[in-house]
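By written order: A, B and C. Residues from 1 in each chain.
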Amino acid sequence: MTAAADTATSAPRQRSHPFGWLVVAIPYAWLAVLFLVPFAIVVKISLSTAAIAQPPYTPVIDIFGGIGAITAAVRQFAIDNYVFLTEDSLYWRSYLQSLEIAVVSTFLTLLVGYPVAYGMARSSRAMRPILLMLVILPFWTSFLIRVYAWIGILKKEGLLNQLLLSIGVIHEPLTILNTNLAVYIGIVYSYLPFMVLPLYAALEKLDDTLLEAAQDLGCPPIKAFWKVTFPLSLPGVVAGCFLVFIPVTGEFVIPDLLGGTDTVMIGKTLWNEFFANRDWPLASAVAVVLLILLVVPIVVFQNQERKQQEKEG
Amino acid sequence: MERRASWFNVTAVALGLAFLYLPIVLVVIFSFNASRLVTVWGGFSTKWYASLLQNEALLDAAWVTLRVALISATAATVLGTLAAIALVRYGNFRGRTLFSGMIYAPLVMPDVITGLSLLLLFVAVGLDRGFWTIVLAHITLSMCYVTVVVQSRLITFDRSVEEAALDLGCPPFRTFFVITLPLIAPAVVAGWMLAFTLSLDDLVIASFTTGPGATTLPMKIYSQVRLGVTPEINAICTILIGLVTVGVTGASIFTKRREVERRRAERMAAANP
Amino acid sequence: MVAAVGSVRRSFAPWNDPASKPFIEFRRVTKRFADFVAVDDLSLVIYEREFFALLGPSGCGKTTLMRMVAGFEEPTEGAVLLDGQDLAGVPPYRRPTNMMFQSYALFPHMSVEQNIAFGLKQDRMPKAEIAARVEEMLNLVKLKPFARRKPHQLSGGQRQRVALARSLAKKPKVLLLDEPLGALDKKLREETQFELIDLQQKLGLTFLIVTHDQEEAMTVADRIAVMDHGRVIQVATPAEIYEQPNSRYVADFIGNINLIEGRVTATAAGATRIEAPDSGAVVEIDQAVEAKLGDQVWFAIRPEKVRISLDAPLSGSPNTLSGEVWDIGYLGDVSIYHVRLANGATITATVTNQTRVVERPITWEDKVWLTWSRDGGVVLAR
């Protein structure tokens, strides 16, 4: 459109929007109060000490108590909780194991998800929306229930063992449930749509004539995949990996239901500190450290998303 | 353009789908299991559905969950759409980087962190925890997903239609409701459904931000899973699955039929200029 | 019908009448975007009832200029006036202008009727009046049987007519047309061009059209403004633009042109002599030129004004060149001869094929003489 070319990048005229600033202000304010501020509070609580009180920590800053009350409270801050985290091996083992599980399961999810996304993208035009819907549909049914169903499949008397025993592949039931393997299966299962969707989006947009050009220039199909298709799908790969890796690090439900006593993931640790031990300050410290670990991936993810949006815009 | 899927592709997709649907199918099948045990088939029976109707605790939890989901999804859709408009239409306003950061972060933030931080906020300001704190938490989480969905639609939206409306005398505010909104409606609805599902499904955040009298269905299911599950859980899950499947399939068929209609009309029009 | 229109148009020349008031006026308008200047200190006057064309290549600023009339852009400097009123700060929905968009921009969720009625509804016109006006518009563009259809049920040409009807429904003071015929095929485009002229005359409105297609501008416009990089290079009627371009840019932009570079070697009352030793041309024309003796100028002559012949003219006469036929383009109605001069330059001569003879007397590699009359071309100083 020459019209567009002529007007170049004209910013939208907002002068005629008397309430324009509200459109930005309302969601901004909401997120600032309900997303940013809580993080500040978590940091503050992590510097407090547990107490048998309501709420179960001290000091409690009375936000209406004036500067005096606040400075008095601040003086009681201590980094004891953080010191404790470094001393007790449970915690840094949890962090390491969480990262390890997250990395491995991201990789596994990519391994399983890429062929599925690729197959979807190569299917006929009519099939694609149907396949897309089929992949999204499980996402719309309860996550908890699907994980719980895996218990029934993977346990000693479960369906998988029954099947394998009945066809004679094994003679003793396998112990899968309550091991790390079950956790991997559960994670790959639950996060598969998060990997498949961005991959599919990237692969579907691929220009087929590029592959034809590669073949025309003498490149066999498998090599063409690695030299042309895969590199061009990288934005989808990256998006998918972030969408899996970051939340999995703090995943709670799957290690709790499917994992064993030696599966110590940080999400579980945080939950236990909070609900079982009622140690809010310690739980907060755990959260802060987890956040610090994730800050770099999160910021990279945000930048990626922003760049993608700008490219498409 | 027509693509041919090799047998490898077809197998991959088929296996992938089988993997995804296996647990769901099992849940449904075992909701009709006469035996209480999840792993032994004792014959077909609908007794669990009957007993479900007597299980007040479970039904209460379902009702709470439904209300939370409806309210939070609707509010999240409004806020998320506003945020999407702000990001797409308002160029580089002050604080834009922070704003978009706040939008993308909750997408990947582990639930335990979000849940914990929100709870601590509510305690700090002295807000009584219960139904409404769960709603507030869910709105905050879901609005970001709505923003992403609506934003991608807005980016590809042809603005000349809005300019045409302005040119014909329609002020901007009214233009949004009469022209823009109807045309981005599918994305907004998709965003609502996404927000609804997230709320329906959430265990961790609800557990952190709940209070007395506000037990959601996932929380109830979770507590039962640790103790030993009755197939009533399967029954209520099957009902949910059924509702969602009917809803999503219905929506897909509806849109597909409209597409076909539309293509046919376009072809006819092109043939008779 | 066309004859009547033609006679009206022939006597319509408000730009020559010192008493006529400007209708649309651009006063020293500049428009700057973040990284470049789209419109550069531009002043232009358009009169009522004109069919005015803004012509230029992509990026010359013509669309920006039009959008400033519509209200979608505000000038960075200068003023845009409509009927004497400064339009600064007036939003598009309060201006008495309407635009026909390049992509038509029909509301996909509304029927043809509803699209046309949309602008009228914004003005709170009573329902009965709206219905009457919509019917009038539908009849005007001959789309009555399609009133209830939605845009996706219409062909490209039909959609274009809906866009036209919608933009005329409010009887605006000015109708702005943004490359409206680009998406149509050649035949339909030509038909629509004449329909537009017809419509404009019938309704007595002022039309401002933006186009990069010079044929289109020449066909429909009363006056054309040729633009380049945000500036107006020449504003004149199509005939003047074609036969009396004021610069090489305009001469080259419209149609085809031969340019011979040379120096002024003699000036007299109403006549000038130019010599171009490089090509060996001696040009004598009946035109007084502003350039002084010795200045570098360009002689511009249209291919159809160049006569080609196998016979040499009288020796020593001016306005002649000789060369070899390098290429011939046969277009059915005309033949285009590309003649190579001794210095390597090419002159184009177009000849109408007035007989049906297929074997032409002049063919490739023939030695030919090109001649032109003393008033066949113009001299350009820039």
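Here, a residue touches a chain if its C-beta (ideal position, glycine included) is under 8 Å from a C-beta of that chain, and two chains touch if they have at least 3 such contacts.
Model, not experiment: these values are computed from the prediction.
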Chain whose Cα centroid lies at the greatest distance from that of subunit B: C
Hey, which chain is the most central one here, using CA centres? B
So how far apart, in whole Å, are subunit A and subunit B when each is placed at the average of its C-alpha atoms? 17
Indicate the whole-number Å distance between the mean C-alpha point of subunit B and the mean C-alpha point of subunit C. 55
Subunit A to subunit C, mean C-alpha position gap in Å, rounds to 59
Residues in subunit C with touches to at least two other chains are numbered 72, 91, 101-103
Please output the residue numbers of subunit B that touch at least 2 other chains, ranges allowed. 160, 171-172
Can you list every residue of subunit A that touches 2 or more other chains, as numbers and ranges? 3, 16
Which subunit A residues qualify as touching subunit B in the complex? 3, 11-12, 14, 16-17, 19-20, 23-24, 26-28, 30-32, 34-39, 41-42, 45, 55, 61, 63, 112-113, 115-116, 118-125, 129-131, 133-146, 148-153, 155, 157-159, 162, 189, 192-193, 196, 208, 242-243, 246-247, 249-253, 257, 267, 270-271, 274-275, 280, 283-284, 287, 290-291, 294, 297-299, 301-302, 305-306, 309, 312-313
Subunit B residues touching subunit C - in the complex, by the definition given at the top: 158, 160-161, 163-172, 179, 182-183, 262, 265-266, 268-270, 272-273
Which residues of subunit C touch subunit B in their complex? 70-72, 91-94, 97-99, 101-103, 105-109, 118-119, 122-123, 149-150, 152-158, 166-167, 170
Residue positions on subunit B within touch of subunit A in the complex are 1-6, 8-13, 15-17, 19-24, 26-27, 30, 38-39, 79-80, 82-83, 85-91, 93, 95, 99-113, 116-118, 120-121, 123-125, 136-137, 139-140, 143, 147, 151-152, 155-156, 160, 171-173, 193, 197, 200-201, 203-204, 207-208, 218, 221-222, 225, 229, 233, 237, 240-241, 244-245, 248-249, 252, 256
